[in-house]
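Sharing a structure with you now.
Chain IDs A, B, C, D, E and F follow the sequence of writing; residue 1 opens each chain.
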Amino acid sequence: MENTIYERGVSRLKEVDSVAGERVIASLADISPDFGRYIIEFGFGEIYSRPGLTLQQRELATIAALTALGNAQPQLKVHLAAALNVGLTRTEIVETMIQMAVYAGFPAALNGLFAAKEVFAEHGV
Amino acid sequence: MENTIYERGVSRLKEVDSVAGERVIASLADISPDFGRYIIEFGFGEIYSRPGLTLQQRELATIAALTALGNAQPQLKVHLAAALNVGLTRTEIVETMIQMAVYAGFPAALNGLFAAKEVFAEHGV
Amino acid sequence: MENTIYERGVSRLKEVDSVAGERVIASLADISPDFGRYIIEFGFGEIYSRPGLTLQQRELATIAALTALGNAQPQLKVHLAAALNVGLTRTEIVETMIQMAVYAGFPAALNGLFAAKEVFAEHGV
Amino acid sequence: MENTIYERGVSRLKEVDSVAGERVIASLADISPDFGRYIIEFGFGEIYSRPGLTLQQRELATIAALTALGNAQPQLKVHLAAALNVGLTRTEIVETMIQMAVYAGFPAALNGLFAAKEVFAEHGV
Amino acid sequence: MENTIYERGVSRLKEVDSVAGERVIASLADISPDFGRYIIEFGFGEIYSRPGLTLQQRELATIAALTALGNAQPQLKVHLAAALNVGLTRTEIVETMIQMAVYAGFPAALNGLFAAKEVFAEHGV
Amino acid sequence: MENTIYERGVSRLKEVDSVAGERVIASLADISPDFGRYIIEFGFGEIYSRPGLTLQQRELATIAALTALGNAQPQLKVHLAAALNVGLTRTEIVETMIQMAVYAGFPAALNGLFAAKEVFAEHGV
């Protein structure tokens, strides 16, 4: 059954963002493969596989939170790519960043917008 | 023209959550009425009046961010009421909280869920 | 197999702190029982069941982190009780709090010490 | 010589805010008197005794930081009283709080303003 | 009238720091010019144009907050340049950073001091 | 007597990590030598010289806290080297990082693991 959660996680991760996600898992291979397994099982096999929110809503919530926290730029960039991948528009992403100025301050919003600018350029959006 | 932004803010705030929002503005009257004006003008007349995201998306982003930050429980409760008011379901709110465990840890998600429990009870949801 | 993880989590939680832990799980029953399950499965069935650190080391790391973050007082108190339960001494706990002044500032350390004072009093330490 | 730093700290603390400061030191007596000594020696005997900033500038910096961090309300209140005590005006304090909306978000500023409202009421300002 | 706020913001920004500020606004042109407008209107046309604090006090509060938060290094550097520009001395800036060790920990203060070292070198201070 | 604290700090710092620690002190020489002195006196002469926790427990608490805070990567790397130096194993360090996913989220744990990967490589662990 745990196997099922892992497999469900792998296939959910592919839906969200196969390239960046796989790169993260691969980069954990020589330091903690178990932690890569937890990302797949708990993150994608459990949380991102739950009904109740669309993948677009999930990525909107994630980029809002990571922009507000402001201390996880690499993960924010992975999820900006994922946000585009699951169908959020450039406008929706930019609006989410702008709104974070109200809740976490202008520097957090600015650093989010600059991360988005980089990811949009890489993806030709 | 600034007047227009203020009026637009007042009417947007009414759409989002008239009761809790007005209570916050009122509570600022004897310490900083200008700050109440900024909440209305910048927060609601500008940011929440922008096209590009629905009010449901805006409240989803806000409760995600405030849950992740974990240091603004009174404002999280105001926005949980607003989230219900603009049509987010109890399930969508609970799912957003649960997801925050992945990005900000289990205590942040737990404190978000307990705040939601209180607000749902007050609103008979 | 998932069942095994859940059962392992339940028994690990009992070792760490049966009373406070069960109270948290119970308080989630009417808002998100699934989140209670994740705490048991992921938190205790996976992470706290891993070899490599003793339970004393795990609780030391947890109270250090929650004191430094400073935005999860209820969870800090649960883990202060757990820390005593797995055998950390009052001195070890107080020293960990004091040290956090260096890494997260004096207010974080102070609020940690006051939480410890409360928990020590409740446990007659 | 360490004695001198302690004595200098005690007298500096008295200048800043004798009542609230002494209450904090007293509340540490049965959990960690050493930590009370560090507050006096390092906090007041060293940092607050340095030339280069006035006590008004020091308290302005402190209330800005604690408002922005948003996870140390008891200490923020102690320093709001201290800020009044060393001669910062109600206006200067309120303006500092308002400005924090730009750097740490509106909830942080709001919670700072509400703390100030309480402290002003207690001090009849 | 909104126009007036924008113009007031532009001229206030010039007083504070024309070079770095304009660079930030320019860098937003292709991702969110509206956000650049909000920085000018709300940040400088409103907040930094308020009476009650001098520009030196405002920059002191800002560098204290950004040093304590520790997750906005690019914005901290912009405001370190602004702090010098409005007349804060190297000593006042360094003292503010050192003091943050008490409220946000030694790493936050260290990273603030290293940012100051860079900005002082660029400005030949 | 203060001299004694400084000397005790120097020798304690040598026990913990002579190379990285001395580099930090040296880098402060031209911006704030006093802050270097506080690191030695307060950090190492006082806190790290206290009985009640072993150096291994102290470094475990420190890497837990810095990983959870997520905004002090340079200091986390210094303490990862120190953790190895005082005898924590690669496994104990990795386990501490993994556990932080529960309390501060997966991005904080991931960034901690990547910092550990770098430091392990530099030290040939």
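As a working rule, contacts are C-beta pairs under 8 Å (C-beta built on N, C-alpha and C of every residue); 3 or more make two chains touch, one makes a residue touch a chain.
Note that this is a predicted model, so its numbers are computed, not measured.
Visitor: Between E-F and A-C, which chain pair is linked by more C-beta pairs in contact?
Guide: Counting C-beta pairs in contact for E-F and A-C gives the edge to E-F.
Visitor: What chain lies farthest away from chain E once each centre is taken as the mean of the Cα atoms?
Guide: C
Visitor: Among all other chains, pick the one whose mean CA position is farthest from the mean CA position of chain A.
Guide: Farthest from chain A by mean C-alpha position: D.
Visitor: Would you mind pulling out the distance in Å between where the CA atoms of chain B average out and where those of chain E do?
Guide: Spacing between the chain centres: roughly 28 Å.
Visitor: Quick check: how many Å separate the C-alpha centres of chain C and chain D?
Guide: Roughly 30 Å, centre to centre.
Visitor: Could you pull out the residues of chain C that touch at least 2 other chains?
Guide: Those would be 34, 38, 42-43, 50, 66, 68-72, 75, 94, 98, 101-108.
Visitor: Name the graph shape formed by the protein chains and their touching pairs; answer line, ring, star, complete or other.
Guide: Its topology is that of a complete graph.
Visitor: Which of the residues in chain D come into contact with chain A in the complex?
Guide: Going by the criterion above, the answer is residues 68, 101-108.
Visitor: If you look only at chain B, which of its residues touch chain D in the complex?
Guide: Residues in contact with chain D: 24, 27-28, 30-32, 34-35, 38-39, 43, 66, 69-72, 74-75.
Visitor: Enumerate the contact residues on chain C facing chain D in the complex.
Guide: 69-71, 94, 97-98, 101, 105-111, 113-114, 116-117, 120
Visitor: For the complex, give me every residue of chain B touching chain E.
Guide: Against chain E, the touching part of chain B is residues 1-3, 5, 34, 38, 42, 46, 50.
Visitor: Which chain C residues qualify as touching chain F in the complex?
Guide: 42-43, 47-48, 50, 52-53, 57-58, 60-62, 64-69, 72, 75, 91-92, 94-96, 98-104
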